[in-house]
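Look at the two complexes coming up: subunit A is in both, with subunit B in one and subunit C in the other.
So, the complex of A and B:
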């Protein structure tokens, strides 16, 4: 079995994703959880770059890794409570959650790995940015100007709602 | 490209169930929100990978991922605003202390 560069990159990204996502949910300190989440998001952007969706990878880096993680870090520092009571849970509940998670994981992995998908093939080649732009702004079939406008209204409502909720009364 | 599609799906499945485990066992609202982000992110990977490997000539999964990223940004902003408001009223954000919501 020869290891091509693609395989090595994929193995690296997969290892970082698996290890850091497990560390995200098992670490006790919440600031560390946010940092591991940042690593997971970076590796996800790497996977998007690897399957030749550079635009998607850039969006992921800008919005997730750049915006959302900073928001998380700020809110963690704002809501940090001094008395460390920790988020200890009864160990029976942790065991129950772990059992349910492992059962679901085993079931889903089994189904995913044994399901006969339609024959998949990978074509190299970057997605043309002009194609993305015309599809995003076009009004024809398989074009997406309506969801684009709905998303923009959603973001406007989100800005106004965030200000209204978080302002000091 | 000699990496089968199933490997990507396996990675995203593990990420998804790490998020579910965190959602079930953490008791801090911010930690639960971080777990939700993990789940959303794994679904985004699935959309992009299905689009790339099964229907390479089309763009549905691609745009679904872009819109899902936008929606999750909005959701995070609103949730954090609510959390900061809760913290201002109750001085902590552990879920067992939030059993009344009258402002």
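So, the complex of A and C:
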């Protein structure tokens, strides 16, 4: 097997993802779980950068690592007053969780192994930011202005809902 | 202008001539990493010395004078002191998170630091989406500060961290909006390309009123984002002892301290790159002799000169204004700066659409 630099970097990132994902669900301190999740998101961004998707990588860093994790940590700090560890899981729950995980793993493996992957038309080099912008806001085929607007309305509704809940007067 | 990529290209050719390609790239990556770390530490030392001297000047004092000529060796002694101090372990604290937090802060800072284009051909991370990556990298530091406040098992730290989180998350919007204003003007997000577009005039001159407003908003928001100046609530010593790093000692405290100063430099460096032309010399159209003289000054001198000028501006603000209250800070951001930033963005779009810029 030929070990190029790319393979080594990928193996390193993949190991970090696997180990931290497992730690995320097995740790009993909730803030530690959030931190391990942060590492998983970092390494995913690393894989995106490795395959030259710098836009997707930057989005991953900005939205997930810089946004969602901060939101998680913030809400944990605001709501979780006692410094106690979580309760131990009941064995029935462990069994149910393990079964669900194994079933999910089996399904994913089945789909990945049986899917006929078409050879990718991969263009080397970075994607032009203009192309990304036009496909996000364009109205043609394979362009995404409608989902973009739908998501904006959803977010607006979320903001109004949040204000309504927070300011009960 | 001297193109630094000649040097890097020569090193690359030299290494690939006797090493396999993958190994050569690896060696280059390690060398660049070490280089960035050294530059980071040096800039931190310069910044700390500058802070003490500037602060002293604004308070009619002399600052450090005893160690070395004009007190120049003082900071090196401080570094050695910091390195040899004991790192205190706290009972009842989450040790893993407590030890991890300073490194998260420093990692975010180093990532953002390596985006700055210092000279022609001397940029480490230069993506197509450079500006976007810079914002993403600098937004990670908040996580480290929140973790530090939580894991210290101390009420002051926790309050400081919460304040800091609220403040940094809010002011990120304003920095983003003001940078976006310039991205509208340039139609590119690559930092080296942004600098190259300013060869015939810096954006603060090219972009009319809109660029000036964006520059001022950026300076205010940037100052708040690095928790300094009149916005240093997270570590307001009269209320919170030292905010989120109260419990930290030795080099762990040192990492927070260094990250704060280098973040200030990064804010200034980004302001330089985006508004003040980066390493581009000052050119005045028509004055050929003047322009030729300016071209003789190397690019990195221009970059550091402008960046330290912006740093000096921010230090001036810090040592002049009294500290704000937390509600005043959030009101300033959400009720004044963000609406102003959005209107300014619209103004810039109008200017660009009707081609009113120079």
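Throughout what follows, the second predicted complex is superposed on the first by the 143 of 169 C-alpha atoms of A that agree within 3 Å, B and C clash if a C-alpha of one lies under 4 Å from a C-alpha of the other, contacts with A are read in each partner's own complex, and residues count from 1 in each chain.
Here, a residue touches a chain if its C-beta (ideal position, glycine included) is under 8 Å from a C-beta of that chain, and two chains touch if they have at least 3 such contacts.
As the structure is a computational prediction, the values presented were derived from the model and not from experiment.
Trainee: Which term applies to subunit B and subunit C once both are placed on subunit A by superposition, clash or fit?
Mentor: fit
Trainee: Mind working out whether A:94 is in touch with subunit B, subunit C, both or neither, as first, second, both or neither?
Mentor: After superposing on A, A:94 lies in contact with subunit B but is clear of subunit C.
Trainee: Between subunit B (first) and subunit C (second), which does A:158 come into contact with in this model arrangement: first, second, both, or neither?
Mentor: In the superposed model, A:158 contacts subunit B only, not subunit C.
Trainee: Count the residues of subunit A touched by subunit B and by subunit C, then name the partner with the higher count.
Mentor: Larger number of subunit A residues touched: B.
Trainee: Just to be sure I read the superposition right, which of the two partners does A:54 touch: subunit B = first, subunit C = second, or both, or neither?
Mentor: Touch partner of A:54: subunit C, not subunit B.
Trainee: Figure out whether A:70 sits in contact with subunit B (first) or subunit C (second), or with both, or with neither.
Mentor: After superposition on chain A, A:70 lies in contact with subunit C alone.
Trainee: Contact-wise, after the overlay, does A:147 reach subunit B, subunit C, both or neither (first, second, both, neither)?
Mentor: first
Trainee: Between subunit B (first) and subunit C (second), which does A:138 come into contact with in this model arrangement: first, second, both, or neither?
Mentor: Neither: A:138 stays clear of subunit B and subunit C.
Trainee: By the touch definition at the top of the document, which applies to A:18: first (subunit B), second (subunit C), both, or neither?
Mentor: First partner only, subunit B.
Trainee: One more residue to check, A:38. First (subunit B), second (subunit C), both or neither?
Mentor: second
Trainee: Report, in whole Å, the shortest distance between any C-alpha atom of subunit B and any C-alpha atom of subunit C after the two complexes are superposed.
Mentor: Result, nearest C-alpha distance in the overlay: 13 Å.
Trainee: Output the subunit A positions appearing in both contact lists, the one against subunit B and the one against subunit C.
Mentor: On subunit A, the overlap between the subunit B and subunit C contacts is residues 4, 6, 59, 67, 76, 78, 127.
Trainee: What does subunit A use to touch subunit B in their complex?
Mentor: For subunit A paired with subunit B, touching residues are 4, 6-7, 10, 14, 17-18, 21-22, 24-25, 30, 33-34, 37, 40-41, 44, 47-48, 51-53, 56, 59-60, 63-64, 67-68, 71-72, 75-76, 78-79, 81, 85, 87-89, 93-94, 97-98, 100-102, 104-105, 108-109, 112-113, 117-118, 120-124, 127, 131-132, 135-136, 142, 144, 147, 151, 154-155, 158-159, 161-162, 165-166, 168.
Trainee: Quick check on the complex: what are the subunit B residues that touch subunit A?
Mentor: Of all residues in subunit B, those touching subunit A are 1-11, 13-22, 24-28, 30-31, 33-35, 37-38, 41, 44-45, 48-49, 52-54, 56, 58-60, 62-63, 65-67, 69-74, 76-78, 80-85, 87-88, 91-94.
Trainee: Applying the document's contact rule, which stretches of subunit A touch subunit C when the two form their complex?
Mentor: 4-6, 29, 31-32, 35, 38, 54-55, 57-59, 61-62, 65-67, 69-70, 73-74, 76-78, 83, 126-130
Trainee: Which of the residues in subunit C end up touching subunit A in this complex?
Mentor: Residues 22-23, 25-26, 92, 94, 96-97, 100, 127-129, 132-133, 135-137, 139-140, 142-143, 146-147, 149-151, 153, 158, 161-162, 165, 169, 187-190.
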